[in-house]
Amino acid sequence: MSVVDGKEPSVKELRIIGFLCNWCSYGGADTAGVSRFSQPTDLRIIRVPCSGRVTPLFVVKALMSGADGVLVSGCHPRDCHYSEGNLYARRRLEVLKRFLPTLGIEPERFEYIWVSASEGERWQTSVTAFTERIHALGPSPAVKVNRYDARLVAGGL
Amino acid sequence: MSLVFLARENLPAWIGRLYQDMAVFAPMTINGVAAFRALGQDEIPDLSRIPASSPKAAVFPQTETLFTFTSRKHADDLSQVDIDLSYHLAEVPRVILGARPCDARGLKLMDPVFGGKVKDPYYLARRERTIIVSQACAMPDRACFCPGTGGGPYDPAGSDLLLLPVADGWLAQGLTEAGEKLLAQDLFTPAGDREPEAQSLKDKAEAYLAQAPDMRGAEQAFENLFKDEAFWDQATAGCVRCRICAYLCPACTCFNITDEESGLKGERIRTWDHCMSYMFTQEASGHNPRMQKAFRMRNRIGHKFCYYPQLHGGTVSCTGCGRCVRACPSGIDIRRIVESMKRKGA
Amino acid sequence: MSTIDLLREAIRAKLPDLDMVLAWGGDDPLRASPLFIRTESDLENLAAPHLYVSNLAVNLYSLRSKKIGLVVKGCDSRSVIQLLKEGLIARPSLYIFGLPCEGVVDAAKINREIPDAGRATGLAVRSGRVMVQTPENEHILDLDAVLADRCLRCRYPNPLIYDQLIGEAIPVGEIPDLYQDLDEFEALSLDARHDFWMETMRRCVRCYACRNACPLCVCKAHCVADSREPHWLTLETNVSQKWFFQVLHSMHLAGRCTECGECERACPMGLPILLMRRKLNREIRELFGYEAGLDLMTTPPLSTFSIEEENIAEREL
Amino acid sequence: MRIGVFVCHCGTNIAGTVDCAAVAAAAQQFPEVVLAVDTPYACSEPGQRAIIEAIEQKGLNGVVVASCTPRMHEATFRRTVERAGLNRYMFEMANIREHVSWVGRDKKLNTFKATDLVRIAVEKLRYNRPLTAKSFAVNKRVLVIGAGVAGIQAALDCADGGLETIVVERTSTVGGKMAKLDKTFPTVDCSVCVLGPKMVDLAQHRKIKLYAMSEIADLSGYVGNFEVSIRRKATYVDWNKCTGCGLCADKCPSRKAPDHFNELVGRTTAISIPFPQAIPKKASIDASSCLHFLKDRCGVCAKVCPVEAIDFEQQDEVVKESVGAVVVATGFDLLDIRRFGQYGGGRFPDVVTSLQYERMLSASGPTGGHLKCPSDGREPKSVVFISCVGSRDRSMDRAICSGFCCMYTAKQAILTKSHVPDCETHVFYMDIRAPGKGYDEFIRRAQEEYRTNYVRGRVSSVYPKNGRLAVRGADTLLGTQTEVMADLVVLAVGAGAAEGSRDLAEKLRISYDAYGFFMESHPKLKPVETNTAGVFLAGACQGPKDIPASVAMGSAAAGKVMALFSKERLESDPQVAQVNAVRCVGCLKCLRTCPFGAIQEVQARDGSTKAQVIESVCQGCGVCTVTCTDRAIELQHFTDNQLLAEVNYLCRSWMEKSPA
Amino acid sequence: MSSLPNPYLPSLARILEVVVETPDIKSFRVELCDEAARESFTFEPGQVAQLSVFGTGEATFVINSPPTRREYLQFSVMRVGEVTGRLHMLQAGDKLGLRGPLGNHFPYQDMRGKDVVFVAGGIGMAPLRTLLLFMLDNRGDYGRIRVVYGARGPANLCYRQEMEAMRDAGQIELILTVDQKSPDWAGQVGLVPNLLMELAPPADNCVAVTCGPPIMIRYTLAALEKLGFADENVVTTLERRMKCGVGLCGRCNVGGTLICVDGPVFTRAQLKALPDEF
């Protein structure tokens, strides 16, 4: 796992993917960094221009392909760099969140929040809380699909 | 060859034994729909219904890996890469159990495609290891038309073993050595005087299908109608361009090849494809010789009833299994198309 | 006159003004097929109304350059409204025959009930019973047992948009529990739901009949499911690809699906895929008070927003 | 592709908690990576040169730099790769400083994370395509919103630089808060005397067009080509005719109109000119106080006006202007004094705001510069100043320091003594903040020369006692409670965002902070820019500022505008949406959801409807991409395939780790 | 692995050189990595091969170097789709997969002793180049060789220097043309079929070989008909979306004829026997 010395790190990570808008939340995460607000390391941030660019399908794709948690973060409502992108995102992501249980995926594995570029502390709190939440849920059920497919391939010969 | 009897209650035990030595492909019914699949341990197939799908996936899977590729970088110059290609051919023997005579015939139609001038090693590896246990059709339905394509509900062609239904089981008829081998079991008992019963069911089934239209000999009519766009438009009007007809067809063989990669590894995969899809002939330049669905239907009909027969001594690439007719969401009936083609193009 | 005669005469009268009229016909006793009426003689092939199972609106987008007459049931009319609302078809090139509908029979259910249904030679509906004739038997079934699912929860037996109503409007009966099936499904554990879809999607043959039978799926040839740019899906037919396709299809229909059920009817494997679409519809109803295909004016909820969302709580971590 | 990866140590900023060499070693095995090295400072001159040399020597056609946030150096490195002949969009950054080394404590986990971030940058880069900017003409006119001292300075500098300048001011006169001040610190010279000439310059400059009593109704377009709608509010006086003679105000019988210029200290006439030096010096009618509007009678002003300028029928009017840049200088407002009931705010007439006190001190104010208690007009003998009212107060969610209060409080204490030499002055303060030229000395003068009693502590309450006001509070230096009797209490009320600034921000598509102040693009390096190209900030709208800082920022904004306008044409960001006409079904949902009106309907050759992106209008948010089920419209540089490449890697690599 | 040859398995090839021909066409000069395979690789002019970019896929290209020149195999690739886009990012030293030779070839034996006129547009010159060079290498076997070649603009002409050198050496007669006038072009302006009509090569003992965009081919075939060229003396190549390249996958058929194995080279006489589905 570790690329440093081949030994397992002291903490067991889970895979959490974050989609952060360039203008607010990515900047908020930067601010947290500049302020040295320490955070769990599980999250991998993908930069997008706007939360409105995050199609819910990215989230489902990630959750169905093995991500244990997905966090989308954008500008606060009314404060979108593109004025409306996060407002579209809010509707789409809320519908998605309510849809997940039907797929057998815990809705808690996905969250969407608003963090501005100045809210380094809020970012730290959010990442920490979300990471703890995902660790409480444990690994994603997507593992099962992977195994199932592997078995079917073997069965299909 | 001689007939032996398999009681219905002995079917699970027989399958259990087959399962020891080989993969068993057989129809499972879920939610009222029977479809072939590789059985899991202790799974009992349903042979009572006409399966919605054909068993062709046993020899021509819907997805298969043609080969994998792996890149290795040179340590001293990362831009120098060695690429390893490797592929794997099927080794596990398999039995298709509960195929219908039309299905067995379907495999016979695929053989010359994959085993002609160019040999497809993936198909042939599976095909060589496949035993076909067919069940004759005592109860064909209104979508069936196998006699019109040169087959019949009790046609033994292509099967290794044919099960003739009787009230409480089957009379099994070994047709090949491989088929015979499967009968060497204490589960089978002598057929005794059950043959007339089977024969009477056969007569009834054949009588039921007596009116099936003849789908053969349409080559000239097709060529005559090739340019009649109105004809093809009407024939295709209701088509929603889904893939049911080709994917359920026991004779369709068209496929696609795509690459998928992840990091320094990847694979080239082969998947079923479908001639009613717009993308089937879409060229990168934007040109598409079969832009309209009517042209694609024309090619589909042409392939089955003109081009294939022209190459294979008049045999049509259709077994009359009726699956496309049963499942088409728009009720398109290939019999009607060929009938009216033969009428109009005569 | 019977409904079928009224319909035949109505179409006959309008046919000269139209390129073609879409209705139902064919000789399958269990279900009618789309009938493309171009000449009066085609009218002879009209089928009986309880077999009008398919939704003819699926053809409208590809025929949008033509002047089309279309027969719609209440449920079908919602698809027409949705297509109009999305600007995918134009009202002036459409003439709508509205057909009040008492429900259609579901051939798949009859097939499940009767082993020899495939050999049926005739079907008749009389006073809550369905008679199916086969060469060997005559089967009698309860109509409710073989009505299409969507008919059992039908709230719109009368078309919501039409130029001409065929016969009398049907009084709307008691509105049944809309989402009983979904409630039952959601009573299962998350694990059980997950496993349910794995088993269900294993049986999918990825034939795209669900997509192509959907009146609102107009991308078709250019569907992202088949493309490499973007490359959302590989062509592999494993569960993860097939399942993701169903999710993708459902989500592209969120706020648009009218629950006409054609996806499920078209599925050759009988997979209960409408369930996902219905779940999204229920959530959209609860969040935005919106149902697709009821009117021409409202904006679909995912194409708009409110600065203050009444039913969405602000999320905090 | 041939990708080069450069992993930056950033001194010990990254290397301290990330094993950079290990990250580079891992990156060597990433697909299409032909070079992966670590480097002490990628952004330094030798660091950049190494990148250029690698591009040339290794034939790289894509570069990944793993270092700080792209918000810091993406532009730097894009220029670097461009110098080596690569398209600047064939570059990606992995943020392993702000997002890794500065926030994670475990070196192994950090290294693992940094490696992943480098990998997803590589995966995305493999789908990047060269993008080329399109250029468009710049409309070299500038809009300045707000004509306080910052706006005036910005407008004058722009106009002096030769730019046509539109100034929009909400009130009937320019000058803003500075025009209301009596004197300025630390020089104690007359505020309006300093500002007045600039106001006149503004009015007379031939490059400046002034819209007073006007507001921004709407702003559309983009940098270089904005369209602005300006609502000119009805004044009921034709300003083309009005000479500012003031006769109407003299004769107006309605003398109880609220006097906004004087911060509601005293009353004015329904038709009025706010103050003698007002620019433009034009009368306007306050319809809420005018008898003509209230009771449909009077009309005295119309009768007396020598030039027949009164027009009761006048309506609001919207005018349009085209500009290429916008300077926002809308200033601040003091918080509502009524929020401070514990200090008697809004309860006792003798508790006033600092700005009201300025008017009371001013010779042009309602009392003619005579200090009087508002309750009964007596001359105060004791004035108590309370600092930090609504500032640095977490209980009110206002942690912010308003910055200038310490200084003006000292100034007001000094001025109090010069008005009423025998008046006691007391200041309750928390800390003294006086870091400016001559500022601390000024405070000393107030304390020592003018014998102001500075009490370090919070006031707990102000209440009436024996006809005066008792001010109770802590004296933290003595550690006692103290009570001071006052005739007048002056609250140094905190500065908040100007009224309506949130609405304005939404119109301008700029951000604002928790207090409503507009957000600069970068707190250190881009204090004048906003995140909307072509919109700049000046003065206290960005945060409380004193006069010299506001003036400096006004000039800075003008400098930014002139730098922007020094080019004939601007390049549009090519990270815009693009329609694939073959896929487009013409539903135009994208057109309906685009926040910028950047999508238009076009007819294809076969007559079918298609969407088309107006590239110079598109801002690149990607809402359209998500709206389109068909992905017939894709945001360049953030395409589905680019983002999927990142998602897929993160998921696949994770699944491969999990036991099958 | 089985003893059967695997028709899907490409050989590995190495790019020796990439030549930028036009803004959207690059020529790749490749050799097979395996020395024995390189030595035994033979093909006829006009045959195609499938090039693989592993991870992206395969596409079909004509081998446009002649079999008479063995130092490398050349493929000219116009950037139009996913595979060609990836190919364009490759550089010398990179590896790709090569499956071939596939398909039929130009009937060069039947052309011996005859005059030949090449008529090409855009990337259509690529398949003709192999035959042209082959003929130059066997110059004595053929009569007059004329080339009419057009593209959108001067920058879009492939192999321009190479062909101008052949002209200057007196080996061929060359007419280059562009669709629209431009300041950097002093040569002919006009559409290829029109120039062909002006040139009016005598049909007597002459074979015409043409390739280009579908619309150009259609007008060129009509022009050749007018000029009196017999059907069997007009040769063209057809293109189809292909996957397997060996006649199995089912998409490249025109009627019962498979372009991948029976083509890509057809005479007009052969085309006329095919159903009209191009």
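Just so it is clear, A, B, C, D and E label the chains in written order, and each chain counts residues from 1 on its own.
The working rule: contacts are C-beta pairs under 8 Å (C-beta built on N, C-alpha and C of every residue); 3 or more make two chains touch, one makes a residue touch a chain.
Bear in mind that the values here come from a model prediction, so they are computed numbers and not experimental data.
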item: Set of chains whose contacts include both subunit E and subunit C; value: B, D
item: Chain separated most widely from subunit E, comparing mean CA positions; value: D
item: Chain occupying the most central position, where position means C-alpha average; value: A
item: Centroid-based (C-alpha) most distant chain relative to subunit B; value: D
item: Distance between the centres, which are taken as Cα means, of subunit C and subunit A, whole angstrom; value: 36
item: Inter-centroid spacing, subunit B versus subunit A (mean Cα positions, whole Å); value: 45
item: Inter-chain centre distance, subunit A versus subunit D - centres from mean C-alpha coordinates, in Å; value: 32
item: Interchain centroid distance [CA atoms averaged], subunit B/subunit D, Å; value: 70
item: Residues of subunit A engaged with two or more neighbouring chains; value: 61, 65, 78, 84, 88, 92, 142, 146
item: Multi-chain contact sites of subunit D, meaning residues that touch two or more partners; value: 2, 59, 582, 593, 627, 640, 644, 648, 652
item: Contacts with 2+ other chains: residues of subunit E; value: 82
item: Parts of subunit A lying in touch with subunit D, wherever the complex brings them together; value: 1-5, 7, 9-11, 13, 15, 17, 22-24, 26-27, 29-30, 32-34, 36-41, 44-50, 52-55, 58, 61-62, 65-68, 75, 78-79, 81-85, 88-89, 92, 116-118, 124, 139, 142-143, 146-147, 150
item: Contact set on subunit B toward subunit E in their complex; value: 66-67, 69, 71, 79-83, 85, 87-89, 113-114, 116-121, 124-125, 223, 226-227, 253-261, 266, 268, 270, 273, 275, 280-285, 287, 289-290, 295, 299, 302-303, 306-307, 310-311
item: In the complex with subunit D, residue positions of subunit B that touch it; value: 71, 73, 77-79, 261-264, 286
item: Subunit B-facing residues of subunit D, complex; value: 2, 28-31, 33-36, 58-59, 582, 648-649, 652-653
item: Subunit C residues touching subunit A - in the complex, by the definition given at the top; value: 182, 185-186, 190-198, 202, 232, 238-240, 243-244, 247-248, 250-251, 254-255, 275-276, 279-280, 283-284, 287-288, 301-302, 305-307, 309, 312, 314-317
